[in-house]
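One chain, chain A, appears in both complexes that follow, with chain B as partner in the first and chain C in the second.
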Partner chain A sequence: MKILKNIALSDTGFVFNPSTGDSFSVNPIGLSILKDFKDGKSEADIKKRLLSEYQTDRETIEKDLYDFMKMIEQLHLTEYHEQA
Partner chain B sequence: MKKQLYERPLIQRINTGLMNKFGTKTEYAPTSHIDGFAVKDLIKEFGSPVFVLSEQTIRNTYREAVRAFKTRYPRVQFAWSYKTNYINAVCNIFHQEGSWAEVVSGFEYQKAINNGVPGHNIIFNGPDKTDEDLRAAITNNSPIHIDHLDELYRLTELAEEMNKRPNVAIRVNMDTGIYPMWDRFGFNYENGQAWDAINKIMLGERLELIGVHCHIGTFMLSPQAYATAAFKLSDLALGIKKKYNKTLQYIDMGGGFASKNTLKGSYLPGTDTVPTIDQFAEAITTAILNAGFIEKDLPLLILETGRALIDEAGYLLGSVIANKRLSDGRRASIMDFGVNILFTAFWYDHKISPAQEFSSYTEDTVMYGPLCMNIDVVRSNVTLPPLKKDDHVVVHTVGAYNMTQWMQFIAMRPSVVLLGIDGKAHLIRSKEGLENIEMNEVMPEFLKNHQLSVANAK
Partner chain C sequence: MNKRKLTIAVTGLNNIDSPGPGIPVIRALKDSTKFDVRIIGLSYDALEPGIYMHDLVDKTYQIPLPSAGQQSLLTRLTYIHNTEKIDVIIPNFDAELYNFIKLQDTLKEMGIHSFLPTLNQFEERQKWSLPEFGSKYGIEVPKSKMIHSIAEVHTLAYEFGYPLVVKGKFYDASVAYSPDQAMGYFNKINSKWGLPIIIQQYTQGTEVNLTGIGDGKGNLIGAVPMRKTYITDKGKAWAGVALEDPKLMDIAKQLVKGNKWRGGFELEMIRTTKNEYYLIEINPRFPAWVYLAVGSGQNHPEALVQMALGENVAPFESYASGKMFVRYSYDQIVDLKEFETISTMGEL
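Now for the complex of A and B:
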């Protein structure tokens, strides 16, 4: 998944889309995922990292990451060609 | 390295400068314990969902209401409204506190008798009393509140037949300045129906008129309406004294005081808008005291308060079955309780708290029940922390009507547990099972067997 290049991420969880003027709040784990995507990491890499860092299981990460990625798409924070 | 606590990733659009239709209040303060009992332990022992009632809160609320009225008026009697919650253990808490019983059906009447309430302390209200009910009430000297002329005439016939003089009151409806005006119970004050009924009783000489009663509404938010009703009932009582030299024993103001729940569509929460019991007490007692009774004729003031005495004592504990994302991006949580057991979800925005610690991040959520029915919505929008499957929640202020209006529909009715002042959790009603559903069914002989063929199976 490719996050729009001009999206601004602050360390406090504030997300800004300068193209639309929309702003968003994101929790710490969500912020770390957005940063990973911005850094070009793959979905599989992110899952692996989350599993190693958090007290949870693979299935939960699988479901929640899927849901989060759908939200990012719905909020128009991804590259256009991925939103279809 | 120690792993961090997991929380589902969340992202939400920030809408600055716009009113948030979901309200400003978030419910991320967890309710992990009720009266010292851990929610997770209660669910482990009694299952999920489970209704929980706090004995301490019931008793405290009752005593507070009694104090509010008895410090303002010399003669006050509460009568527990059985229809609000007629689990016997609950009824007996109120009876232990000194409350009479107020019933609206034959089976409720029998429950009160079985609970050991003396007949003369059971007020029989309601529009539907069978001959059998009326005979029992006459035999036990219970006050019978007459709802309509058909009942008045039937009661007169039964009095003759049984050679008894039943104790009766008339139910009176009236304009108290609120909309909609409840005019379906009893006889109207303004158009003279109430006086017609009084005259028939007094001149008929078969029934003993001992009181007047009203039931002006439910979830009333205006103490002034009660002041108006109390004044009009007092006017009837004083008129009866003047016309027939008859002193009535009581004025019964019925029920209807609001609890602290928030009605759907309310701008402010119920905790901020609902009058206190002291405000209702002040309005009613002032109206009666100023009506013109001489001191020795001051009637007993009866209150059939239900909702306001039990709602805050009740909690529904439940669990998340699943989470999903709706087509418009809203989060939806499916709970293991729905409108089948939380009937009041149709008219309240119930306060719902998570039962475990969360961070301060929240999400607007639609909360659905488990039924395969579109109407099964517990909260159409509530701001909650990210709940995951099997997390527990606590629904607050559910003690009134849910444990009587609940439906056996698709899912079974759950256990009810009383958190006792003895520090123990007591099961006061067991979870229902298939045997409860089928116990009244009868299978005709010709339908007992069948053999599905492969063709039929298609």
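Now for the complex of A and C:
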């Protein structure tokens, strides 16, 4: 998944899309995932990191990450929507 | 650096819920690094809030309504000029622009400079000419037509479908979802602004606007796009944010290059989910949110004054996206004597 290049991510979890003017707040986990995607990491890399950092099972991480990815896609924060 | 002293007359002091651009333009001029300005407010109504903003407006004069004609306006401006020695005049209302454009050469001979669109530029972007304007300059425009009678509303369902947009010739626009609503808006807008009424196809998408300034030679001197983030029940922006929108900037450049726009302007566009842009209106003056451009790094009113005085201005190269404006209301306490003076003497 490719996050739009011009998305501004603040350390406080504030996310700003300068193309649409939309802004959002994410929690620290969401912020770390967005940063990873922005740095070009793959979904598999992110799953691996989350599994090592949090005491939970693979299934929960896959489900939550999938939900989060769908959400950021719906919020037009991904390149897919930019091209649509 | 010594700032050049100038006396600048500005209209549009109605800083109300549907604000005129006068006060934001004055704030921009007060922020100028080049000019030390004395502001002469020109008002139409004794309750325009700018009249009483003495930190921004040094002196205000009432001027005749546009319907009184050019000669009345000229007589009044001559009187004001004899006292105030106006260097530059900035009209900020669509409805008054025709008179100011027609008078600009006479005013210049008197020493009052302005920087206005030509009459042709002003006329060809009128709401009822927008489809021709769009095709001439290669900009998508929603289908629209003028109607002159309420009986014509019945024909709209077939031609446009519902919803559709009912617009006044100068101001006001409402989305009608049925013929009954369309007739209601027709009557309401007609009673306020007169005929014709413009019917426009409704375009689904996000409204994005751009405030810009052209040098009259085909160059876009400055431009800042904005999305409204809080909208009043009159459809006006109460808050907005400066956008990064290269496609909209390209449209503005293309337009200014094509028609050599002279002066400030506002583009009102709809951006669809497919990233297509439709021009719904072009205003021939700065919008009321023009101070966002100043806050984002481009002082358009200052550039306009420079060009009015015959100076060459280099195009702004950047602005800060993400800058926001948030309006507020404020109760000014006004002495009755002041209201009495502007009401009876026509100046304050």
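A few points about this structure:
Simple rule for what comes next: the second predicted complex is superposed on the first by the 80 of 84 C-alpha atoms of A that agree within 3 Å, B and C clash if a C-alpha of one lies under 4 Å from a C-alpha of the other, contacts with A are read in each partner's own complex, and residues count from 1 in each chain.
Please note the rule applied: a residue touches a chain if its C-beta (ideal position, glycine included) is under 8 Å from a C-beta of that chain, and two chains touch if they have at least 3 such contacts.
Just so we're clear, the structure is a prediction, and the values are computed from it rather than from any experiment.
Legend: residue contacts after superposition of the two complexes on their common chain; A:Val15 is shown touching chain B, with no touch to chain C. In the superposed pair of complexes, A:Gly30 makes contact with chain B only, with no contact to chain C.
With both structures placed on the common chain, the touch criterion links A:Leu4 to neither chain B nor chain C.
When both complexes are overlaid on chain A, the residue A:Glu53 reaches chain B alone and has no touch with chain C. Ranked by how many residues of chain A each touches, chain B and chain C are led by B.
Contact residues on chain C toward chain A in their complex (touch as defined above): 206, 226-227, 229, 240-241, 243-245, 273-275, 321-322. Residues 6, 8, 16, 18-21, 82, 84 of chain A touch chain C in their complex. Remark: chain B residues 3-14, 16, 323, 325, 329, 359, 361, 386, 388 touch chain A in the complex.
The touching residues of chain A, when paired with chain B in their complex, are 15, 22-30, 33-34, 52-56, 60, 64-65, 67-68, 70-72, 74-75.
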